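What follows is a group of structures, each given as structure tokens.
You will see chain A twice below: alongside chain B first, and alongside chain C after that.
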Partner chain A sequence: MKKHFLLTAFIVLGLISCTNEGTAANTVASMKTPQMENYDKAFKSLGDPQNRPTEEERKRNTTELSGRRKALLVPASKELILSTGVTESELMRRTGGDMSQIIVWATQIYMQKSDEIRKNIKTEN
Partner chain B sequence: MWITLIYKFINMKKLIVSALVLCGAFSFAQSTPLMINNYSKLSLEGRLMACSRINPGGYPVAFAAPNPPYGVYTVPPLTTDVEYVTLNTSAASLLPILKWYVTTAGGITTYNYNDPAMAGISSSVEWAMYHFVTKDDLGNGVDTFMMGNPIVSNMAGFSTNLYQLGTTAEAEWFSISGMVYLQVYDYP
Partner chain C sequence: MKRILTILGIAAISFTYAQGGTLIINNYTPYEYRGDIIANNSLGCYPIVTNTDKIIVPADSHTGNGQQLQYDNYRDQYTSSLYPNPNWTVSTSVSTTNVRPWNHASLMPGGIISNNTKWSATKFDMFDTGTGSYVTGFNANLSISTCNSSAPTPFYNTPSGSNSAEMFVIGSITYIQLY
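== the complex of A and B ==
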């Protein structure tokens, strides 16, 4: 009898923790800033039919994303960097306008912000 | 007598591993972050691997242990922003990797991600491959993908693709200034 009670208690606890995990995951998405969402959308858009790698791009002997497809990521990346208070001139000075540097910098900011959101949710729970 | 022999053997193995790791550390290879974005409704289940671009056999070859609670390394459906900055910080990711199975000429060793040896291993390897099966919500396998950097994965004997189209998903592996991305989209 006691065993059953304990078992039920553990199952209930397990279910509750699983539900919480779901809400936490949902909240990370809902707490992203509009600039983070646009950065997300830009990366996802690389899979849109018109943005897929062309036959020529696939034949290149490099893993580096093509210039055409990098250009699709730049506007949202810039927007994300500027949203942290960095000025346009500072951005140009630090990256020299290089697409790769802008995108990688935005990725670092994006991950930092996601981590912060995740930590905040953890402390709130 | 036997004990000293075994002891010597273990020491030899350690020596070989350290020598290999040092070789890697002094080479030009450097580890860079990996970002996985699974935009598809499918779960990705398989083997994530990093290896050396220059050492024969790709040694050290590191395979990710299954991320809890899965039985194989798994990226659930619609899961993005999965980043591994280095192998020895892999527990800090959204999908934590707690152990690595590392193959060298001396054999296979299981290391915790934060084992002191992992820092050297991490700096001597590059992200090479994610060989996975896409599975639908019923757990049925749909397609097999061999994604990775062919030049690096070939060192460990694996042929990989930068772009692959399946029946319900497409996947691509690319880099931007050293940072490596693996993205999977629903198709068509």
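== the complex of A and C ==
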């Protein structure tokens, strides 16, 4: 009986330590929302061969990202903004549908969420 | 009505020029970015602001893992960025160059240098910490202004085609991305 009790105690201890291990391994990357993941993917995808700037886009005399390439970032940016509870009509009202404003707004939300996650990790550990 | 429009116009112009804006470097490559970041005035180029010591952004450091280089302005980067830059080299003319600490009055948000410069270029080499040497063909000068080159050169493709780099602006944010 005593042996069983000790064995169970050890197993429980082992399980607890494994759970702790899991919490410690929590990183900003693993705690991101799916909308944040998609925002990341969109930005990284600008480097995919088909999304790189065309000859014409490289010769333009403007510093702004081209409309074609901004459009690659807009769906994920919208999704991220809407995930905070902002409605579609509010989004249109605040940005007037301007792609840059939508992307910059989403970027601010993203940074804020990353900060929150980082703070949560700090307090948990 | 006309006066209001004029005031709004002036406000809009000063906003577009208030602050160099945020700079974000996303390094998606397995190599280390070692380089300079440059800001200047779009009219006549001066003042020019650049980091005094090399900026290093480790491999795989981007917004996706929270390791991106992010400078909101010349001053606050020192306390808020993962890669604080202690000194800025400021040229106000061909013959006048000074090294200014991050908390120098002219570099504060609203300071004279801050108000008159924008991120415009980067010169960099990619370094492979595994082999301890620079990556052949993966170095470039990117520019989104005509101050640093006769025409803007916002994009670079390595000869092998396996890596690329670019600089662009979205609204108030300037990006340097390495793929």
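Things worth noting here:
In this section, the second predicted complex is superposed on the first by the 99 of 125 C-alpha atoms of A that agree within 3 Å, B and C clash if a C-alpha of one lies under 4 Å from a C-alpha of the other, contacts with A are read in each partner's own complex, and residues count from 1 in each chain.
In the analysis below, a residue touches a chain if its C-beta (ideal position, glycine included) is under 8 Å from a C-beta of that chain, and two chains touch if they have at least 3 such contacts.
Computed from a predicted model, the values in this text were never measured in an experiment.
After superposition on chain A, the partners chain B and chain C collide with one another. In the superposed pair of complexes, A:104 makes contact with chain B and with chain C alike.
Once the two complexes are laid over each other on the shared chain, residue contacts for A:52 go to chain B and to chain C alike. In the superposition on chain A, A:70 makes contact with both chain B and chain C.
Judged by the touch definition given at the top, the superposed model places A:38 against neither chain B nor chain C. By the touch criterion defined above, A:83 reaches neither chain B nor chain C. Common to the chain B and chain C interfaces on chain A are residues 40, 43-44, 46-47, 52-53, 58, 63-65, 70, 73, 100-101, 103-104, 107, 110-111, 114, 118.
Taken together, the chain A residues at the contact with chain C in this complex read 27-29, 40, 43-44, 46-47, 52-53, 58-59, 61, 63-65, 69-70, 73, 100-101, 103-104, 107, 110-111, 114, 118. Here chain A touches chain B in the complex through residues 40, 43-44, 46-47, 49, 52-53, 58, 63-65, 70, 73, 100-101, 103-104, 107, 110-111, 114, 118, going by the rule given at the top.
Residue ranges of chain C in contact with chain A, taken from their complex: 26, 28, 62-66, 70, 144-145, 151-152, 154-155, 157, 164, 166, 168-175, 177, 179. Considering their complex, residues 35, 37, 39, 80-81, 83, 94, 149, 162-163, 170, 172-181, 183, 185-186, 188 of chain B touch chain A.
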